[in-house]
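Consider the two complexes below, in which subunit A is the common component and subunit B and subunit C are the respective partners.
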Partner chain A sequence: MTVGLQAGRPVPGLPRRRKRIDALPWLLVSPLAIFIVGLALVPAAYTIIASFFRVDELDPPTRFNGLDNFVHIFQNGAILSSMGNTLLYVLVGVALSTLLGIFFAVVLKQKFRGRSALIAILILPWALPGVVEGIIWVNIWDANTGLLNSMLKSLNLIENYQVFLGTNHFVTVLLIEIVQVWQITPLSTLLILAALQNIPDELYEAGSIDGASSWRAFTGITLPLIRPGITVAMVQAVIATLNVFDQPYVLNGAAATGSSVTMQTYFVTFQNLDFGAGYALSLIITIATLIISFGVLKLVYRPVEF
Partner chain B sequence: MDSTKKHLRSAVLVAGAATLALAMGGCSAGSSGASGGSDQTKNVTINVVLASDPPPKSELAEFTKETGITVKWTNLDWDSLQTKIAAAATAKTYFADATDVDWSRVGQLGKLGWFYPMQKYLKTSSLKADMPQLSSFTVDDKVVGIPYDASFMVTTVNKELFAKAGITTMPTTISDYTKDLQQVKSSGAVQYPLDIPFAAAEGLSTYWYQTTGAFGGTVLDKKGKPQFTSPDSAGYRAAQWMISALKSGLVSPGNINVTDSQGMQTLMAKGNVASVFSDYSGNVGSLYNVPDSSSVVNQVQYIPTPGADGVGPNLSNPDSIGIPVNAKYPKAAAKFISWFTSKDTQVDFAGANGPDKVLSGYALPSRLSAVDVLNSKGTLVGGDVLAKLLKTRAKPVFPEGAPSWYPQFSNSVYTNLHAAAAGNMTVDAAIKAIAQTATQLSSGS
Partner chain C sequence: MDRRMHWVRWIGVAFILLWTLIPIYWTLNTSLQTNAQVTAKPAYYVPPTPTLRNFATLLTGNGDVPDSVRQSLVNIIIECAAATIVTVVISTLAAYAFARMRFRGRQLLFYAVLATMAFPAYTTLIPIYKIMTGLGLVNTYTGIVLVYVSGFLPLATWILYNYMSSLPVSIEEAGQVDGASRMQVLWHLVVPLARPGIISTAIITFLFAWGQFLFPLVLSSDISTEPLTVVIASLQGRHVVPFSLMSAAGIIAIAIPAVIAVLLNRYIVNGLLSGSVK
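And now, the complex of A and B:
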């Protein structure tokens, strides 16, 4: 029989030893904690508080004004119109980037020659700044000298060059969002591909023995098991599309047909110098992001265990 | 359970300490920036931030040798620059020792006191006679920036395309100008002879102001009240003329998404249009006659603005440079500005003394004396016309200075005129919406 000391319990008769605090974990985590607190939590708290104040450089001093900033926002036609546009950006962007992400992930899961190179090429649009993408696509959509018009005309599909952006509200939003989808789809693809690669081959083999077709295997095995990956991809698409700025600004200027809420936030804050309203708009975007992301989580996410 | 509580408490402590540290850091950064700056002018490095390429290294080195001031130059695009100026000034933190003061922001800047009055460092009264556009940067007798170029809006025509349509005498009235453009179109010289940048951006607003000036009016009165609501007013007729030009095929339908600079570079410089009614002064020399960027070399000329009853005005949109109140070395910055806007430097930048001294993209000196030197040396393309226009025709868009709410007003102008061009609203509705914005803003509501 072995007699030993029970860990953590003081031994009668011996002086009680002070418990040493292991500082290393705190030390390791502190840079990240400072980073998050300083760059996310403090500004977020400041934004929440300041959104209830009149902070206007042209109308000092800063003073509490309750919900006035929010009331003015919901009375501003340009901002309301941009909210409608942004909702469309979210619907189109999240749907397209998710569907394309699933498609490309399934294709890239197959083993074929040049797969690695294809993945590298696929990531390129994600690495490009939004402004650069906007400029590239201006040369495609442009109504005077654009590539699309040139192609359609050379194929005899149109007689004269067409104006794609700026005339029809929905078409404008759709074409601008295609540019953003081109940017965000690579990340969706990689997230879904990661989830896809976790699925054990045995499941497909079992399905095959049971006579499941490829489509049945996709709907019965693949889709349910990549739901966590799809959820993350959709949430990142929600965040990106709710904050779309560069693409509509470069492609369509400040026009109401494509203006987004973040563009309005920029105008209100840095053109009009009404920082209070800018804080309130930012807060609205944040709350909308949280609500929609939570909705996606509830609708799409299901825990998966292999 | 106890352990969890302890961890939680420690985590809160760490977060609290970090927050405090950051808040203190933020406070100290803010307060140090607003210390008033140093009067030191020897052996200092100043930051100059402009939406422009830097002067040649040899020129800056010469300035450093003369003054002991080293210049660190940052070239930022105009939009980003304005955002940074506003963000830094609001946070009362250092951003640059000398930076851009745009004519359209003068009202805001005058009210906000974000820039030092230049009278504090330079004898601005002696500059007035030589710099006609200094008045564009004067608010309540305070000069917030010194103009370094003399940009104003001017009509350009491609004389070869006009000649193809049988037009050799340039129009002097807007009705003759319109007829000539129709003639160019019907001759087949080009499908769409006129460039109007209908993209919802600042260039559309300035185009409308210039056209309004040509029709013999102004956009706002001294108190900021709209002067364009009546269908007989110059502003209304100008908007009507611009939209009619689009609807009648003088302007390409695709121009609803063309910005001012894009139109000049991809349409006028490529011979796709025959005229720009509101072009940049200096574009003939710096864009249309540059073979690398143009296919219409030696074809484009400036003409006096065709107006309602004869030659119209040329509205100014110059760039200037000022000293933010949070500058570290304001006195050194003032020395730099004095050098940067001096006659000799401007003559060098404009290319009169060889290509090594040229400031890339520099259009036209802000000093009449520098323009005269260039003109006499024959190095300023269209110099005789430009010098005459600068002396006699150039005038500020807002003679009393741009109102402090100008950016909001301009946003309303370009979004509504764009919507009218895109067919999403009538000209009348667009004018009413712009007028409503101006009325609200000028009444302070």
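And now, the complex of A and C:
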């Protein structure tokens, strides 16, 4: 891409006219520019600045108060426990969606009848709203009517129906995160599958002459070569899981056992009307997302050439 | 392929099918039962006497719950359709300029668009609420659609930029030699050639818009603009709606995106891959 200093260059094939400013490209991009500046860049800058101000609906002149908003956040037990939960959401979600994505991609790389129908079914959870996926999985985890309880009972593995959600942090986060993994794994699979399909077959043929087993071929040839695909899959999983809202909100309500940082941002801002803390929390999640995404990139990504 | 790979494949196919379809089947199963049947222990794994009563209640019945489900279904369709149309038009114009023209500020704006994709959407939640309050657009279709458009434009522009850049320039140059203006070239040559990319962008935008929850939760204050996702979450939160009826509402909410995803999956796969792998 070159910097556009040659504005007004004559269109090839047309007679050269006198040099004048060519306004058309700016006209074409101006609606996009207005949206990006007005509803993305300016609000993002506002979040950064407002994090360091006292923002109070009842006391409009907002005052600079340094790190007070951040101090308040780290004194709030509900927010601290939501940070622990969110870390667990990220660990469970990124690990599960990546492992499942690799497994599904390896299956779908092969050619068999019905493969394209299977891909159509695979992407279904990606296309559904997170809120409704919450409803769908409440139906599975529920203590009175859930599928899991019913199956365990039918198999005589439990005497009485159990309460799974909301009893302890780890189980609650795990069960809620499975719902989000259900939603984000299709995209991980597609990204890893695309990387898999770039690997030339000759590499495997060379491997089989050496007598490498399937597993050896997988760890020795496949895995190193799909690292770019795995990286992109993991980054999208980091962004989704760090900002998780819909699934815990629907499955567990405001209960502390599953509350995420984004949920706390919503409660603090729109229920307690503490906008300063809301801005500071938004900034913390944003910075955490950028740092962890960059960390994954550094750790997992290796350039691949065939 | 050796024998072991063969087994891995069929176990994998079975696992993908069960993992994806069992949860959806279970909700469908629940939605076709009466509430008395739903509370049986252990549960009925197929509906003993399948009934569409729950769907009839929601779609044609009277009362607070059916009314809000119907109104929010209308809202979500209007909001998603409007957001899709506006996003596709704006991103097509911009992608054409980025792919085929050189102008001052091109690189700066292009990188600004890419940078916004790296940020989580909720970074801007509170300022956007403030802006919409200031403009008097809280609880209006316009406000919700503007926010959706701003959120989806970067990805849409990126997908269409990649698609248009991959088209051969020669056809457009031939058009310009014939004396067509650049807008005529865009409309009569580029748009038809880029049709698959435009369809991908439209479908992905529509599905993203359909899944939105936190933004409309903040930007809608009553049933006049609340999309179906917000209404369903609030019904669930109040614990007054029986499981059978909740499941029917869920099935209604996933019917349109599910049909789109299954029938048009090719466009989705292509769009997502050209939007993510670069």
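By our rule, the second predicted complex is superposed on the first by the 264 of 306 C-alpha atoms of A that agree within 3 Å, B and C clash if a C-alpha of one lies under 4 Å from a C-alpha of the other, contacts with A are read in each partner's own complex, and residues count from 1 in each chain.
To be clear about the criterion, a contact is a pair of C-beta atoms (placed from the backbone, for glycine too) under 8 Å apart; a residue touches a chain by one contact, two chains touch by 3 or more.
These figures come from a predicted structure and were not determined experimentally.
In the superposed model, A:Leu223 lies in contact with neither subunit B nor subunit C. When both complexes are overlaid on chain A, the residue A:Val42 reaches subunit B and subunit C alike. Shared-chain residue A:Leu67: touches no atom of subunit B or subunit C.
When the two structures are aligned on the shared chain, A:Leu91 is found in touch with neither subunit B nor subunit C. Of the two partner chains, subunit C is the only one that A:Ile135 touches; subunit B does not reach it.
A count of residues in subunit A touched by subunit B and by subunit C gives the higher number to C. Shared-chain residue A:Phe245: touches subunit C; no touch with subunit B. Judged by the touch definition given at the top, the superposed model places A:Phe275 against both subunit B and subunit C.
By the touch criterion defined above, A:Ala143 lies against subunit B but remains apart from subunit C after alignment on the C-alpha atoms of chain A.
Contacts of A:Ala256 after superposition: subunit B is touched, whereas subunit C is not reached.
For the contact definition in use here, the residues of subunit A common to its subunit B contact set and its subunit C contact set are 26, 29, 33, 37-38, 41-42, 138, 142, 144-145, 161, 253, 266, 270, 275.
Taken together, the subunit A residues at the contact with subunit B in this complex read 26, 29-30, 33-34, 37-38, 41-42, 57-58, 78, 138, 142-145, 161, 163, 165-167, 251-257, 266-267, 270-273, 275. Partner subunit A is touched in their complex by these residues of subunit B: 10-11, 14-15, 18-19, 21-23, 82-83, 86-87, 89-90, 108, 111-112, 199-201, 252-259, 266-267, 272, 404-405, 407-408, 411, 414-415, 418-419, 422-424.
For subunit A in complex with subunit C, the touching residues are 1-7, 9, 11-14, 22, 24-26, 28-29, 31-33, 35-44, 46-47, 50, 100, 103-104, 106-108, 110, 112, 114, 116, 118-140, 142, 144-145, 147, 149-151, 153-154, 161, 182, 187, 190-191, 194-195, 214, 228-229, 232, 236, 239, 242-243, 245-246, 249-250, 253, 262, 265-266, 269-270, 275, 278-279, 282-283, 285-286, 289-290, 293.
On subunit C, the positions that touch subunit A within their shared complex are 1-2, 4-5, 8-9, 12-13, 15-17, 19-24, 26-27, 30, 38-39, 41-43, 90-91, 93-94, 96-98, 101-107, 109-110, 112-113, 116, 118-131, 146-147, 149-150, 153-154, 157, 173, 176-177, 182-183, 207, 210-214, 217-218, 229-230, 232-233, 236-237, 243, 246-247, 249-250, 253-254, 257-258, 260-263, 265-266, 268-269, 272-273, 276-277.
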